[in-house]
Amino acid sequence: VARETAISLPADSPVLAIFRAAALKLNDRQDRHERLVKLSRDITIESKRIIFLLHSAITKESQEKTLKEADERFQKLIKGPIRSIGLELENSPAYLHSRAVTAGFQEYIEARTLYSLMATKQIITFPEVVKEFSYTIQSEDGEERTVVTMLPEIDYMLGLTDLTGELMRKAINSISSGDSDECFQACQVVRDMYTGFLGITGNRLLGKKLSVTRANVAKVEMAVYALRVRGGEAPPTLLLPAAPSEWEG
Amino acid sequence: MCENHLINTIFTDFQKSLDGEQEIREVIRNICKEIGQISREVTTVLQVIHHNEAGIGPACLKARESFEKAREGYGKLKEAIPDTDYYKYQEHWRNITQRYCFLIALTIWLEKGILATHETVAEILGISAEEEKTGFHLDIEDYLCGLLQMCSELARLAVNSVTRGDYDKPLQISKFVMELNAGFRLLNLKNDHLRKRFDVLKYDVKKIEEVVYDLSIRGLRPKTDEQ
Amino acid sequence: MCENHLINTIFTDFQKSLDGEQEIREVIRNICKEIGQISREVTTVLQVIHHNEAGIGPACLKARESFEKAREGYGKLKEAIPDTDYYKYQEHWRNITQRYCFLIALTIWLEKGILATHETVAEILGISAEEEKTGFHLDIEDYLCGLLQMCSELARLAVNSVTRGDYDKPLQISKFVMELNAGFRLLNLKNDHLRKRFDVLKYDVKKIEEVVYDLSIRGLRPKTDEQ
Amino acid sequence: MCENHLINTIFTDFQKSLDGEQEIREVIRNICKEIGQISREVTTVLQVIHHNEAGIGPACLKARESFEKAREGYGKLKEAIPDTDYYKYQEHWRNITQRYCFLIALTIWLEKGILATHETVAEILGISAEEEKTGFHLDIEDYLCGLLQMCSELARLAVNSVTRGDYDKPLQISKFVMELNAGFRLLNLKNDHLRKRFDVLKYDVKKIEEVVYDLSIRGLRPKTDEQ
Amino acid sequence: VARETAISLPADSPVLAIFRAAALKLNDRQDRHERLVKLSRDITIESKRIIFLLHSAITKESQEKTLKEADERFQKLIKGPIRSIGLELENSPAYLHSRAVTAGFQEYIEARTLYSLMATKQIITFPEVVKEFSYTIQSEDGEERTVVTMLPEIDYMLGLTDLTGELMRKAINSISSGDSDECFQACQVVRDMYTGFLGITGNRLLGKKLSVTRANVAKVEMAVYALRVRGGEAPPTLLLPAAPSEWEG
Amino acid sequence: MCENHLINTIFTDFQKSLDGEQEIREVIRNICKEIGQISREVTTVLQVIHHNEAGIGPACLKARESFEKAREGYGKLKEAIPDTDYYKYQEHWRNITQRYCFLIALTIWLEKGILATHETVAEILGISAEEEKTGFHLDIEDYLCGLLQMCSELARLAVNSVTRGDYDKPLQISKFVMELNAGFRLLNLKNDHLRKRFDVLKYDVKKIEEVVYDLSIRGLRPKTDEQ
Amino acid sequence: MCENHLINTIFTDFQKSLDGEQEIREVIRNICKEIGQISREVTTVLQVIHHNEAGIGPACLKARESFEKAREGYGKLKEAIPDTDYYKYQEHWRNITQRYCFLIALTIWLEKGILATHETVAEILGISAEEEKTGFHLDIEDYLCGLLQMCSELARLAVNSVTRGDYDKPLQISKFVMELNAGFRLLNLKNDHLRKRFDVLKYDVKKIEEVVYDLSIRGLRPKTDEQ
Amino acid sequence: MCENHLINTIFTDFQKSLDGEQEIREVIRNICKEIGQISREVTTVLQVIHHNEAGIGPACLKARESFEKAREGYGKLKEAIPDTDYYKYQEHWRNITQRYCFLIALTIWLEKGILATHETVAEILGISAEEEKTGFHLDIEDYLCGLLQMCSELARLAVNSVTRGDYDKPLQISKFVMELNAGFRLLNLKNDHLRKRFDVLKYDVKKIEEVVYDLSIRGLRPKTDEQ
C-alpha cells in the first residue's frame, strides 16, 4: 500500500503542504541558531582577549591606556556582533535561542564588569548593561525604529560569578606589584560578592558555581593575609637597615 | 547585609526577579497539573477504541468536552506568562502540549478521517499557531511530536481492529500514516527529541504494512473505490 | 473507567495514598523553603565576622533571632511528619539541618568560645536529640556534619583575624579545632558523606597550624597564660 | 585519648550508635540473603510454566511451600527493625519484596486466574498491609512493582503458550492484563522507579495484543462466551 | 621590586619582543581555529540536510531527482567550505586543527557514502574522497598551484560507522515501501561493515562506536527477518483471495 | 646521585623490580596483542554463519586452526607469568580469554550441537581448568562470561536462520539456550560484570522464544520427534 | 531443577567456588576491620607529637605495643589467603598496609632518626619482604606509599615544631626528607597512585624549605656542625 | 573474509594504516622513554643548585652534556615522524619537551642570567623553531610552558638561596621573573593547560617578592648599581 500511497500523493496534497510549511519554519530556526552561535563565539573570544588586556597593565599610566583601548573594543562588540544578535532576533522569541548566545553574553559580562570596576571602582549593573544594548535602526525607507538585544539576567549573574575569578587574579597580581590597597579592595569586593551569592536561592546554575566562588574568596583572603603577616612583622619605623640578629625571638 | 551598597542592590534585585520567576513557575505548575490530569483522562477515555468500535463516537464526544476544559487551562497559562518568556518556561508544558496535539489529532481523525492542521489544533487549545517575537503559541515541534505519537497509536489500532474483525480500518490507517510519513521525510531534523520520535515512525509504518499484508494474502482486504 | 471493581479499588486507594504522600511532601517542601531561606540569611549575616570584629556581637544577636524563627519551622515539620516516617522524608531537610548545626555551633562559639553539644543544638531547634522516643529528632550525623562545616569556617576566620590584626583569635581557634579533631579521630567512619567531610578537616587543621606558625615565627603570637 | 571530656563523650556515644546501626544492618543483610535465595528458587521453579502446561500445578504447590519459608524470614526481619526505622533500612529488602509480590501474584493467577490483592500478598508474607500501626509493612509501591513484573512475565507466557499450542491462555492473559492496565492508567505517577516500570507495561500490552491479533487473523482464536 | 622592574622595562626590551612575537603566533592560531570551527559547522548542518534529502525519496523517479540535487549540493560544499578549509591550512599543519574540523568531515562522509551507495551501489573509498578534495588555485599573479584539503582517514572511518545507522533507517523505510530487495541489500552492507569493524584493532574511537554498529545490525536483521517470516507464510501461489479458515493450523 | 647509601639501595632495588614488572607486562602485552588479533580473525570468520549456511563447516575448520595458534600464545603466557602472580596481571587477558571461551563454545556447538565444558575449553587453550595446582588457569567466571556471549550470538543466529529459510536451527538453539538459562538461574551472583551479562541473557531468551513463536503461529515449525 | 546433568554440574560447582571466595572475603574483611581499628588508634596516639615534645617518647612506646597486635592480625591474614591469591584480594588490605608502613616509619624516625627499611617494616608486621617465596608479603609499592605519607606528616611536624619553639627539628626533618626526595627522584614511575602521591612530596619539600628559610632569615637557625 | 570485495578493501586498507601508525607510536614511545630518562637525570643533577652554590657550574656542564644526548633523541624522533603528522603524535613528547624547555632555560639563566629564546632552545634540541605546514619543530606553547616551570623553580631557588646565605640571587631572580611576568601578560591564553600554568606564575612572583621584602626590611638587600 505504501508505495501506492506515495505514488498517488498529488503534488498539491494538503498534507504535504502542511509539512512543506513546517520544513521552512524548522530550517529557518536552525539557520538562525547557527548564525547566533557564530556571533556568540566571536563575542566570547574577543571578551576573553579584553580580559587579558585588562590584566596586562602594570603601571598606572599603562593602565589608563589599557582602559581606553578596552573601551573602544567594547564599543566595537556592541556595534558589531551584539547588535547583529538583536537584529537577528528582532522578529523571533529571544529565549528560543538563549542557549546559542549564553556563552558569549556571560564572557562579555565578565569582561565588562571587570572593566567597570577598574575604570569606576563600581560594578556596572544589569540595567546599565541593558541600556547599552539598545539600538536605533534606520530602515531603508528612512524610518527609524528601536531594536534591543535581549540579555537574560541570569547570563549577567553567571558572568558575575566568573568575575570573582578575575578579581582574585587581579588581587594576587597587585600584591606582587606592591599595590596593597588595590589588593585589599579587590578582596573586599570578592567577599561582598560571595556574601551576595550566599544569599541567592532558587537557581541551580548559580548554586553550582558557588564552590568556585568560595575557592576564589579563600585565595584572595590568603593573599591579603600574607600581606598583613609580612606587614605585622615590620612596622614602618623599623624599615631601616638592621642586622638580622636584632629580629630574633 | 553586605556593606557595599551597589553590590547589595545587584543581589537583592536579582533575588527579586528570581522570586518573581519562582512564583510564575508555581502558577504554571499548578495549571499544568490540572491540564495534565485532563489529558490523562482523555487518554483513558480513548483507550476504548482498541476494544469497542461502538465506543469510538461517544469517546470522541467526551474528548471534545475535555478539550474545552483544557482550553480554559491554556487560557490561564497564556495569561500567567510574560509575553517574551514563552521559551523560558516551555519545559513545563512541553510534554503535556505534545500529548494534547496527539489527542486532538487522533480525535479528529477518528471523527473525520483527516489530518488536524497546526492551526486547527492551536485553535482548539485556544492559542495562536504563529511563532512571533512575543506571545503564547503552539510550538511547531510540539505539534509534530503529537502527530508522531498519533501514528504509534494508529499502528496499535490497526492491529486491534483486525482482532475485532474490522478489516477496513487498517487500510484507512495505512493510507493516512503513509501520507504523514511522506510529509515527515520533507523535514530536516536535528539530533533531538523530535528526531528520535521520528525514527520510531518507521516501525509504526512497518507494523501497519504487515497488517495490511496479512489481510491481503488472506483476501480479507476490502475493495476500495480507488483500486 | 476501569470495569473491574477490585482493581478499581486497589488503584484508587493507592492514588489516595500517593496524594496523601504528595501533600505531606508539599508541606515539607514549603517549610523547608522557609527555614532554608532563614538559614541563608543567617549565613549571610555571619559573613561579617571575617572583616569586622565589631560586627560579631550584633551578628550573633541577629542569628539568635533567626534561630527562634527556625525553631517554629521545625515545630511545624515535627507536626507534619508521622512518627514512623522520619527516614522516609529525611532527605528533604538533611542539608538544611546540617547547616543549622553549623550556624548554631558557630554562633555559640563566637559568643562563649565553647562547643555547642548535640542536646544544646537540638534544644535551640526545639527538637529531640534522641531518636528513640519520638520519630523526629536531630540526627547525630547531621550534628557532626555541622561541626565539620564550622571547622572550615573557623579556619577561614583564623586567616581573616590575622588580616584584621587580631592575633589572639587564631590561637583560640587552634585550641578548639584541635580538640574537635581529636574527637573525630576516635570515630570509625563508614558513612560516605561524613567521611568525605572529615577528610576536609585535615586541611582545615593544617591551615590553622600554619597560621599559628606564621604568628609564632614572626613573634606576633600573644603570650598566653599556659605558655 | 582526647583530653576534653565533653568532646570525648559526644564522640564515643556516636561511635556506639554507629556500631549499633552496623549490627542491625548485618542482621538484615543475613536475613535478606536467606529470603533472597528462596525467591530465586521460586523463580526457577516457576520457569516451567513456559514449556510445560502440566508442570504448572506442581510448580505452584512448590512455590507455596517456599512462601511459607519466606514468611519466617519476614518475621525475623520485622523483629530486627525498630518501629521507627522501616524507611531507614528499606533499601535492603525493597528489590526482594517486589520480587515476592511478583511471585505470589503470579502463583495466585496461575492457580485461580484472579488478582492477588495487597492484603493477600501481605498476609502470605506475614506482614501488615497497613503502614500506620506498626512500622514494618508491605509498601504498596512494592506491591504494584510486583504486579508490573508479573505483567511482563505474562506477556512472555502468552507467547510461549501459543508455541505450546495453547490458544486459550493468551486470551485470558489479555483480558487480565488489560484490566490491570486500565487500573494503572488511573494513577498519576510521580515516582521514578514505578513510572519507568509502568512504561514497560505499554510494551507488554502491545505484545499481548499482537499475539491475540496473530491468533485472530489466522482463525485460531477460540470462541468465548462473551463474543 | 616588581613595580620598579615594570617601570624600568624599556619598550624595546628583548624579553618583551619575544613575547610580542609569541602573542602574534598564539592569536593567529586562535583566530584560525575559530574560522575552521565555523566552516566545520556549516559542513555539518548541510551534510545532515543532504542525508534527510536522501531519505525523502520514495519512488524511483523522485530518487533520481533527489540524487541529482544531492550531488549538486555536495559540489557546493566541496567548492565552498571544504575548499576554504584547505586554503586556511595551506601554510599550517592540518593536524594542529583537526579537532576543529572533525565533526564536519565525519558528517560529510556519512552523507557522501550514503549517496554513493544509492547512486552506484558502492561505498566511495577514502582515496576517492581525498581526490575530490584537491583544488587548483589561480594566484593573483596568474600562477597556478595545487591546494589539498587534508582529510584524516580516521574521520572517514568514523563517518562510516555512522553510515550504518542511516542504512538501517533506509532498510526499514524500504520494507514499508515494499522494496524488499533494497532492504536485503542494505542488510548485507550493514553486516559486511560490521564484520569489517569487528576486525579493526588499535583505535579507541572506533571501539566505542562498535556497540552502536552492533545495535544497527540487530535492527536491520530483525527487519529482514520480519520480511522473511511473512513471506514464508505466504507462498506466491496462495496469494489469492481465501477465507481465513483455510489458513488455520 | 643521592648520597645516602641506604636510601640509594632501597630505591635502585625498587626501580629494578619496577623494571622487571614492566618487562613482564611488555611481554604479556605482546602476547595478548597476538592472541587478540587471532581472536578477532576468528570472530570475523564466524560472521559467515549469519548469512551463509554452507560456510559454517569451513568456518569452524578455520576457527579450529586459529585455536591451535592461540594455544601457542597461551603457552607463552603461562611461561611468562610467575605462579603467584596470575591475579596481578589477569586484567591483561581477561577480555580476550572470555572471547575465546565464546568462540570455542560457539564452534563446538556449531560442529556438534553440544556444550563445551570448562575442561574442554581449557584443554583447547592448553591451560588448566583448575586454579589450585599451578597459577595459570582458565577462570570459571571467564568461561561463563564466554557462554553468555555465545547465547547472544545464538539469539542473533536464530533470527538470521529464519531469514535464510532454515526453520530448524531456531528450535535447536531454543532448546540449548533454555538449558543454559536454567543453569544460570541456579547461581547466586554477586559479581558485577557477570551479573550484568546475565541480565542480557533474559533478552536473548525472550528473543529466541519470539522467533519460535513466529514459526509456530505460521505453521512453519518443523515437526520434531518430541512433539 | 535444571534437567541437563552436565550443565547442572557446571553451575553447582561454580556456585561452590563462589561461596568459597565469599567466605574468604568475609574472613579478610573481619581481620582488616580489626587491624584497621588498631591503625587508627596508633594514628591518634601519634598526634601528640605536634603539640607536646615530651609526649613523643611515650607515644612511640604505645605505638610499638599496637604494632605487636597488628602483627597478630597479619599472621591471621597470611594464613587465610592461599599462596596464589595474594593479588586477588590485595585491595582489601592495601590502604591499611600503607598506613602501617607510614606509622612504623614515623615511629622509627621519631625514635632513632633513621629510615625504616622495607625489611624492617615487613619484620615488624611479621610478614615477608620478598614476593617470591610465599605469596603473602609486604608489597614494596605499599612501603613507598607509606614513606610518602610520612613525609607529609613530617612537613606538618616541621611547622608545628617551630610553633613549639623547637628550631632544631625542622632542620633534621629537612635533611631526612631531602634524602628521601633524592631517592624518589631515581624512580621512573609509571604507577598511577604512587605517582600522584609522589607529586605531593614536592609540596612537602617546598613547605619544609620555607620553614628552614623562615628560621634562617630570622637568625633562628641553630648552628650545626656541618655548617 | 567478508564477501563484499570493496568493503573488504576499505577495512584492510584502514587496518594497514592503523598498523603503520601503531608502529610509529611504538618507535616514538621508545625514543621518548630514552629522552625522558635523560631529562629526569638532568632534573636530578640540577637539584644541587638549591643546596650548594659551588655545585651550580658543574651541574650546568653536566646538563649541557645531557642536552647533547637528548638532541640525538630528537633527531631520531624527527626522522620517525612523517612530515605532516607532528600534531598527530604530539601528545607523546609534549610533557618531555616542556621539561627540556624548562631545563635548558634554567641552565642558560644559571650560566648567563639571560632568557633562552625559542630559537636557542630549539637549536639546542636540534629542531626547528618555526611552525610550518610540515615538519618537526618546537611548539611555541611547549616553549612557554617550559618557561613557566622555570619560574616556579626560580621561586624555590630564591627561598633556598637565602637559606644558604646568598642574598644576591633573590634580587636577580626577582628582576628576571618580573620581566617574564610582564611578557606573559601580553599573551591571550585559552582556558587550557598553558593558562592554568600561567595562573601559577602569580604565586611564584608573590613568593619571590616576599623574599625580597624580607631581605629589605632586614637591610640584607645588597645595593645594586641600578638603585
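A, B, C, D, E, F, G and H label the chains in the order they appear, each numbered from 1.
One rule holds for everything that comes next: contacts are C-beta pairs under 8 Å (C-beta built on N, C-alpha and C of every residue); 3 or more make two chains touch, one makes a residue touch a chain.
From a predicted model like this one, the values you see are computed outputs, not experimental measurements.
When the C-beta contacts at A-B and at A-E are tallied, the pair with the greater total is A-B. More than half of the contact pairs at E-H come back, by residue number, in A-B, the repeat among A-B, A-H or A-C.
Taking each chain's centre as the mean of its C-alpha atoms, chain C lies 55 Å from chain E. Each chain gets a centre from the mean of its Cα atoms; for chain D and chain G, those two points are 48 Å apart. Chain H has its Cα centroid 34 Å from the Cα centroid of chain G. Multi-chain contact residues of chain F, defined as those touching 2 or more other chains: 1, 41, 44, 47, 182, 185-186, 188. Residues of chain E found to touch two or more other chains are 2, 6, 30, 49, 58, 176, 178, 188, 195, 199, 201, 233, 244, 247.
Against chain B, the residues of chain A that register as touching in their complex are 1-2, 4-6, 8-9, 13-16, 18-23, 25-27, 30, 89-96, 98, 122-123, 125-126, 150, 153, 157, 160, 188-189, 192-193, 195-197, 199-203.
The touching residues of chain D, counted against chain B in their complex, run 178, 182, 185-186, 188, 206, 209-210, 212-213, 216-217. Taken together, the chain F residues at the contact with chain E in this complex read 36-37, 40-41, 43-44, 47, 50-51, 156, 159-160, 162-163, 165, 167, 211, 214-215, 218-220. Against chain G, the residues of chain F that register as touching in their complex are 1-4, 6-8, 10-12, 14-15, 17-18, 22, 82-88, 90, 115, 117-118, 131, 135, 140, 144, 179-180, 182-191. Within the complex, the chain A residues that touch chain H are 48-49, 52, 55-56, 58, 169, 172-173, 175-176, 178, 223, 226, 230, 233-234, 238-244, 247.
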